[in-house]
Amino acid sequence: MSEVALQVALDIPNGSYVNLGIGIPELVADYVPQGREVIYHTENGLLGMGPVPSADAGDPELINAGKKCITALPGACFFHHADSFSMIRGGHIDYCVLGALQVSADGDLANWSTGEPNAIPAVGGAMDLVAGAKNIVVISQHSTKNGEPKIVETCTYPLTGKKVVNRIYTNLAVIDVKDNRLWVSKLAPGVSFEYLQANTGAILQMESDC
Amino acid sequence: MIDKIVGSAKDAVSDIFDGAVVMISGFGEAGSPIELIHALIDHGARNLTIVSNNTGSGHVGLAALIANRQVRKMICSFPRTANSKVFPELYTKGEIELELVPQGTLAERIRAGGSGIPAFYTPASVNTPLGLNKEVRVFGERSYVLEHALTADFSLVKCRAADRYGNLVYNKTARNFGPIMCMGARTTIVQASEILPLGGIDPEIVITPGIFVKRVVHIPNPVHESVLVAENRRYPW
Amino acid sequence: MSEVALQVALDIPNGSYVNLGIGIPELVADYVPQGREVIYHTENGLLGMGPVPSADAGDPELINAGKKCITALPGACFFHHADSFSMIRGGHIDYCVLGALQVSADGDLANWSTGEPNAIPAVGGAMDLVAGAKNIVVISQHSTKNGEPKIVETCTYPLTGKKVVNRIYTNLAVIDVKDNRLWVSKLAPGVSFEYLQANTGAILQMESDC
Amino acid sequence: MIDKIVGSAKDAVSDIFDGAVVMISGFGEAGSPIELIHALIDHGARNLTIVSNNTGSGHVGLAALIANRQVRKMICSFPRTANSKVFPELYTKGEIELELVPQGTLAERIRAGGSGIPAFYTPASVNTPLGLNKEVRVFGERSYVLEHALTADFSLVKCRAADRYGNLVYNKTARNFGPIMCMGARTTIVQASEILPLGGIDPEIVITPGIFVKRVVHIPNPVHESVLVAENRRYPW
């Protein structure tokens, strides 16, 4: 997924405040283009998150939302949880990059629970993030490990938020959610629109300039 | 590169438009961004709604902005000042509006605006004239009024020191409304007595994270309102 | 009123967090008994307010709610307005000492406006304080300058809060508000109950041990 | 004289009663007051409702408290942990209750509890399973759910340094829920790695004002949960 993460990073403007979800979204931080400054927010209380430290240099009290050791860059600041979610809920975060279980044609996101009866439900900050960040970007494999589409007409898993996703980056394409429809704005090298459509559970539109 | 430092107070306020809602920090003179207010007087935007705890002193700063007839409406908790008749005279003539808000409710409404909370309940003003026409609701055995978030187009805030990311620290009780007003506006404009390099402010002691700040102006030796008032100065000079 | 302020100070326990209103209440800070520590809160952002500095030592950015220069004692801390009123509204202030225009028999307080048509209304933090502090104590002259009672059956001025006052200290007596009635717990030297009642606009009860 | 320092963790938690609501700071191990939690295990109060973001790791700290069957109900945002089966096993058997709350809503409900705000509206969880059975209200063109304040009988909080008034500073991202949990409980009990003399913390950098703190215990070298988990330690030892 590193090429997809690069694509996401290229689309984030200089000066953006960005929250990265746990897992694949964390890869995005590795690809900030030269000359650009992006400030990473981690909801457990840090703006200005830097790279993962070497194995023996980690501080167990300096971690990210995924509870991994990280670093703080010059110009960073610490704050408490209510202030952190004021940033999120108050619309101050420019981009939030999240993983997904499913995304629907009108931008519904399911990424916190498969709804299985025995699953321990755990939501973290995902519902606040999708409600508050200015742009919600999903980065994900296009299909599940079993080959099922993750982009669907209607989510079958419990929702994280309704009509919240603005853009989807997968290993096959970049897809914008606009006017309750899915617009393909970029195809990965060697991927045809027909192949993409065949592997997607919702109807796709082609951007005219794509 | 991110650099929120702008060259002058004039540049910093140049896009404040007629009819804008503008929050102005300060409790009395402590924390009042007097140089930014004077730049707003020079700029001349009119018909403003100003959110600020008081209405200014003498004939400088906020009082001068009001005297210059740029303010349509004040949202504040304490519009009386010992040494200024500017607001009272216009108010008595019906030439300026007043929304009087209990101070804690004012602070919480501003914080809510910056925090994505559209409304909340508070006990302040229940069973008083300021609680009239507000929705009342009982939680437990107590009555509360519904209060709505306040947001602004611009905030003008004074702080002690800033860096190019807009991280801020304040000075003593001049902090007051500054941090929450930084949160509550789409465009927050700050005057800082000192500009520090990135990393010059310990990340543990940052009071306003830069995410809440859009522009920083360096005003190395801000005037003291009380000194100007004692000298009976007027703005424009 | 200094003897009344002393009486208030004597009744505030060690370790209390106390907010003093503007004017006569400020006198209370001069009388903290030896060996006691009381922490003064000023709603514009300081816990640990100390005495007024000498005339030339004042810092215009270190002021109290009355906008007078003050000092900060060791152990003090500064905070912003929302945090300050969290302390007040959240019930963390033990005592709030306020002035009064009128207090009613069931503890209603009027202290922010005479309701005159030409008056510029100004409320400050009074409504938050009476709604939030654990004990609301009034310190006041017993009568107005014109000799009218300030303690009345029903307030005629606009209310600051309803049923909020716990105790009233005047130059004539100390009066508790309990069960919607006024109980005299202490008479000033030389003041008789009859004299007190004659100068009070509401019916008084005498504490049995007074 | 005011002196909030108490001699031991044992003394500090000795009045936590059966059925109490207890907030416990921390996000993962960062900020988790593990020595206070172990004292609570020794103390033995049962039937507790615990408000904490997670449910602990391994067999120490919060996970050990749950394993010791002292917890009736968890209020948290993320009860899954990579290296602990304590909560999942009890939950699957129906032997512990769970109130799952979005993390920002959890934080705001705790702050509201400490701030005298009984309820507020938030957009988080609207149109999701966690928004079911909540009152929905439209402000502007958007829907919000009503959320109620959370308060506690006790909070257990870890910080870096404290003075005898209970003023606190924290360490990096171990700050997380600490400051708001100090506000939200009737009795806040803090473990501090360092005790400083009065005035030893600059009044500009105090994060938790002492007014929110009742007791401070000096724990000079707190254990690291992750180290204990790596060593497969169990509490009680």
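Per-chain residue numbering starts at 1, and chain names A, B, C and D are given in the order in which the chains are listed.
Please note the rule applied: a residue touches a chain if its C-beta (ideal position, glycine included) is under 8 Å from a C-beta of that chain, and two chains touch if they have at least 3 such contacts.
As the structure is a computational prediction, the values presented were derived from the model and not from experiment.
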Subject >> Per Cα centroids, the chain farthest from subunit C >> reply: A
**OP:** Calculate how many whole Å lie between the centre of subunit A and the centre of subunit B, each centre taken as the average of the chain's C-alpha atoms.
**Re:** 35
**OP:** Measure off the straight-line distance from the CA centroid of subunit A to the CA centroid of subunit C, and report it in whole Å.
**Re:** 54
Original post:
Among the residues of subunit D, which are close enough to touch at least two other chains?
Top reply: 108, 111, 115-117, 122-123, 170, 172, 203-204
Subject >> Overlap residues in subunit C, where contacts from two or more other chains coincide >> reply: 46, 72, 78-79, 85, 88-89, 131-132
Original post:
Pairwise, which chains touch?
Top reply: A-B, A-D, B-C, B-D, C-D
**OP:** Please give the residue numbers of subunit D that touch subunit B in the complex, ascending.
**Re:** 108, 112, 115-123, 137, 139-140, 142, 144, 148, 169-170, 172, 202-205
Original post:
In their complex, what parts of subunit C are in touch with subunit D?
Top reply: 14-15, 17, 35, 37, 39, 41, 46-48, 72, 74-79, 83, 85-93, 131-132
**OP:** Would you tell me which residues of subunit B are touching subunit A in their complex?
**Re:** 1-2, 111, 113-117, 163-165, 167, 183, 198-199, 201, 203-204, 206, 209-212
**OP:** State the interface residues of subunit C toward subunit B in the complex, per the touch definition above.
**Re:** 42-46, 59-64, 67, 72, 78-82, 84-85, 88-89, 113, 118, 120-128, 131-132, 158-162
**OP:** Spell out the residues on subunit D that touch subunit A in their complex, using ranges where they run on.
**Re:** 27-31, 77-80, 87-88, 91-92, 98, 100-108, 110-111, 122-130, 170-180, 207, 224-226
